[in-house]
Amino acid sequence: MQYTLLITGSPYHSKACHTALRFIRAALNKSPDSIKGVFFYEDAVLIGSQVAQPPRDEINLTQAWQEIAEQHNIPLYLCIAAAVRRGIINEGESRRYELEQHTLAEYFQLEGLGTLVDLMNTTNKIIQFR
Amino acid sequence: MADNVFTIPTGFSVLIMRLHQINQLDYPASLETTWQNSLQAGDQVLLIEDGFLKSIQYAEKMQTLIKEKEITLYYLQSDAAAYGLSPTFGIALTDEEWVELTFAAEANISW
Amino acid sequence: MKHTLIHLNTSPYSSLACKEGLDLALVLATFEQPVDLCLSGAALALLSDTQQPTAEHGKNLHKLLAGLEFYDIENVYIEKNHSWLDSTTSWQGVTPLDSTEWQTMFSQYQQVFRF
Amino acid sequence: MADNVFTIPTGFSVLIMRLHQINQLDYPASLETTWQNSLQAGDQVLLIEDGFLKSIQYAEKMQTLIKEKEITLYYLQSDAAAYGLSPTFGIALTDEEWVELTFAAEANISW
Amino acid sequence: MKHTLIHLNTSPYSSLACKEGLDLALVLATFEQPVDLCLSGAALALLSDTQQPTAEHGKNLHKLLAGLEFYDIENVYIEKNHSWLDSTTSWQGVTPLDSTEWQTMFSQYQQVFRF
Amino acid sequence: MQYTLLITGSPYHSKACHTALRFIRAALNKSPDSIKGVFFYEDAVLIGSQVAQPPRDEINLTQAWQEIAEQHNIPLYLCIAAAVRRGIINEGESRRYELEQHTLAEYFQLEGLGTLVDLMNTTNKIIQFR
């Protein structure tokens, strides 16, 4: 049985991304195939910034999620509309908007809400962290 | 099972037992009322993040809620350790048990 | 297929939450997923007919309501007696539920997401 | 002026009249209590953003607050127009009057 | 010079607000601006002596309390009877105010900023 | 008499940046010298992103603030610590952290909280929007 995580809370204004990290670590530890994908929506897309620099004595949350993605081959999706308006932009979007900079961190990918619907229909349940 | 369950016009006639994830100490008043009123007998309530502090600050209210609504209340051991506070009721979960409970629920709602 | 309830509880003019909740509802409907809406708190302001927000207030989301039926979103619930709106100047497409119905509503969906 | 004013150990003996900026329809319950209790006679309350909706949804409570606490209540004309809703009490301000009121206050607090 | 009250109302482990409020208080004090603190709601959790947060919970801000005096921040107010903390296992440097004192406190500062 | 604006609310999660914009426009219209500076702290620093792309049918809030700064010569300060951790980074900080990208929009500048204290002591009052 596989599950989807939906994260909507800001990494700065809420604990959603932190709590979901604790959850996914425990879940993968218990059964490595239990999570099919993680979808970030609303302010949670801010987690996908390669530019954000947390103080050295604090957890690097973006990096912690990247490690999950790398080690367990779990896709981390950011809602493209929510991300672009919040300044989380990959190279392709950057060119499209004629910008010089891009900010999307490795292992995160921009996708439409249709991807969430797809996860919804191919996994047992969505667990939300807000 | 659904014989004397009141149903709204969605066509659903079965109440789905669920795990309510509560992550705030204080919700805005009307939302606090809404989530508490939405509890059905047999539901589970899991306090996470700030919500853990409900078990300390609103200990009496929470215990009343458990009895009146016939629910089971859980919190995370790791949150209790982080805050250095020990509730006198409710069931403490390891992170692994948290995952089990969450996956096992018929439905989940994050308030 | 999972029946989803999108619960709007924030003002259309206080953050992006209300808009991003409606966006999700419309995408679900587009992908032919059954979805209902319910409105409470500041989100009830969405229903007022006579809105004239400035650009700084935010987008006028009231206009989307008329199109919901086109997306096969047929149920928009509010709690009876909890609405402070004048029914003569607010959107008529809502279904008011009494307290018991409102309270059990949340347990009748496989998925509930609040915005 | 400060003769029978109760003072805390800050050493301040004068209560500073202030403009309270209220921008939420529903604060978490304990904060709602705190801001309302902190009102002093002669204070001003300005409803902005979602706070404007208090004048509609909590019309009675707000009118009681005005009388009991001896405060003056303001809201912005532009918010009333945005929401298409008209409160039956309180003083409507143009954006220019909003600036005047804000600058003129002895002190400002944004709740 | 303006006397500032920094009002902490959020948990040290729920967002950056509590930390950023303390940062502002310390900077004000460093620049020799008079500043007091008051704590309510989830911010009272700051006072518990026996905290052991993980990296995911956030920084242990309790440790900062001992240093406040060094910064000449001498007044840390809480509301008497509103604290749910065991006084034997929580920081002793607070000044409990009764309800009237607590309520008038906010009117005794030129500036109040909540975090 | 001059005043300082302190903005702490996120441009995505609150209306602080929108409301303060309405306020500063009315203030400057009434008396062009009334605002000495604007200080963004906490999540409000996200306003200073040059990368964020709001949908075309919505207000471009960053641009609206830039116009205020340009037309009235009002400094827009972002708290540097709050900004860097949230991924709002100028070229200098970008080099310091050995990053390839920078995100700070024109007319915004990164400053320490000492700048806020300075404004506090040289203006009549601080008006906060959260």
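So that you can tell them apart, the chains are marked A, B, C, D, E and F in the order they are listed, and the count of residues begins at 1 in each.
Keep in mind that, in the parts below, a contact is a pair of C-beta atoms (placed from the backbone, for glycine too) under 8 Å apart; a residue touches a chain by one contact, two chains touch by 3 or more.
Since the model is a prediction, treat every value here as computed from it, not as a measurement.
Moving only from a chain to one it touches, give the least number of moves from chain B to chain E.
So the least number of steps between the two chains is 1.
For chain C and chain F, what is the smallest step count along a path of chains that touch one another?
The fewest touching-chain steps linking chain C to chain F number 1.
Computing the C-alpha centre of each chain, which chain sits at the greatest distance from chain C?
That would be chain E.
Specify the chain most distant from chain A by Cα centroid.
D
Which pair, D-E or A-C, has more C-beta contacts?
When A-C is set beside D-E, the one with more contacts is D-E.
Same or different: at the chain A/chain F interface, is the fraction of residue numbers used by both copies above or below half?
same
Centre to centre, by mean C-alpha position, how many angstrom separate chain D and chain F?
So the centre of chain D lies 26 Å away from the centre of chain F.
Quick check: how many Å separate the C-alpha centres of chain C and chain D?
30
How big is the gap, in whole Å, between where the Cα atoms of chain A centre and where those of chain D centre?
A distance of 40 Å separates the two centres.
Counting only residues that touch at least 2 other chains, which ones in chain A make the list?
Where chain A meets two or more other chains at a single residue, that happens at 12-13, 15, 19, 22, 42, 81, 85, 125-126, 128, 130.
Name the residues of chain B that each touch 2 or more other chains.
Within chain B, the residues that touch at least two other chains are 25-26, 28, 30-31, 49-50, 78, 107, 110.
Would you give the residues of chain E that are in contact with at least 2 other chains, written as numbers and ranges?
If we look for residues of chain E contacting two or more partner chains, we find 13-14, 16-17, 41, 54, 57, 110-111, 114.
Let me make sure I understand the interfaces: which chain pairs count as touching?
Chains touch in the following pairs: A-B, A-C, A-E, A-F, B-C, B-D, B-E, C-D, C-F, D-E, D-F, E-F.
Name, in rising order, each residue of chain B that touches chain A in their complex.
21, 23, 48-50, 78, 95-96, 98-100, 102-103, 107-108, 110
Could you please specify the touching residues of chain F with respect to chain D in the complex?
Contact set of chain F toward chain D: 1, 3, 15, 19, 22-23, 25-27, 29-30, 34, 124-130.
Provide the residue numbers of chain D that touch chain B in the complex, in ascending order.
It comes out as residues 24-32.
For the complex, which residues does chain F have touching chain E?
Chain F residues touching chain E: 6, 41-42, 81-82, 85, 112-114, 116-117, 120-121, 125-126, 128, 130.
Which positions of chain E touch chain F when the two form their complex?
For chain E paired with chain F, touching residues are 1-2, 16-17, 20, 23-24, 27-28, 31, 33, 110-111, 113-115.
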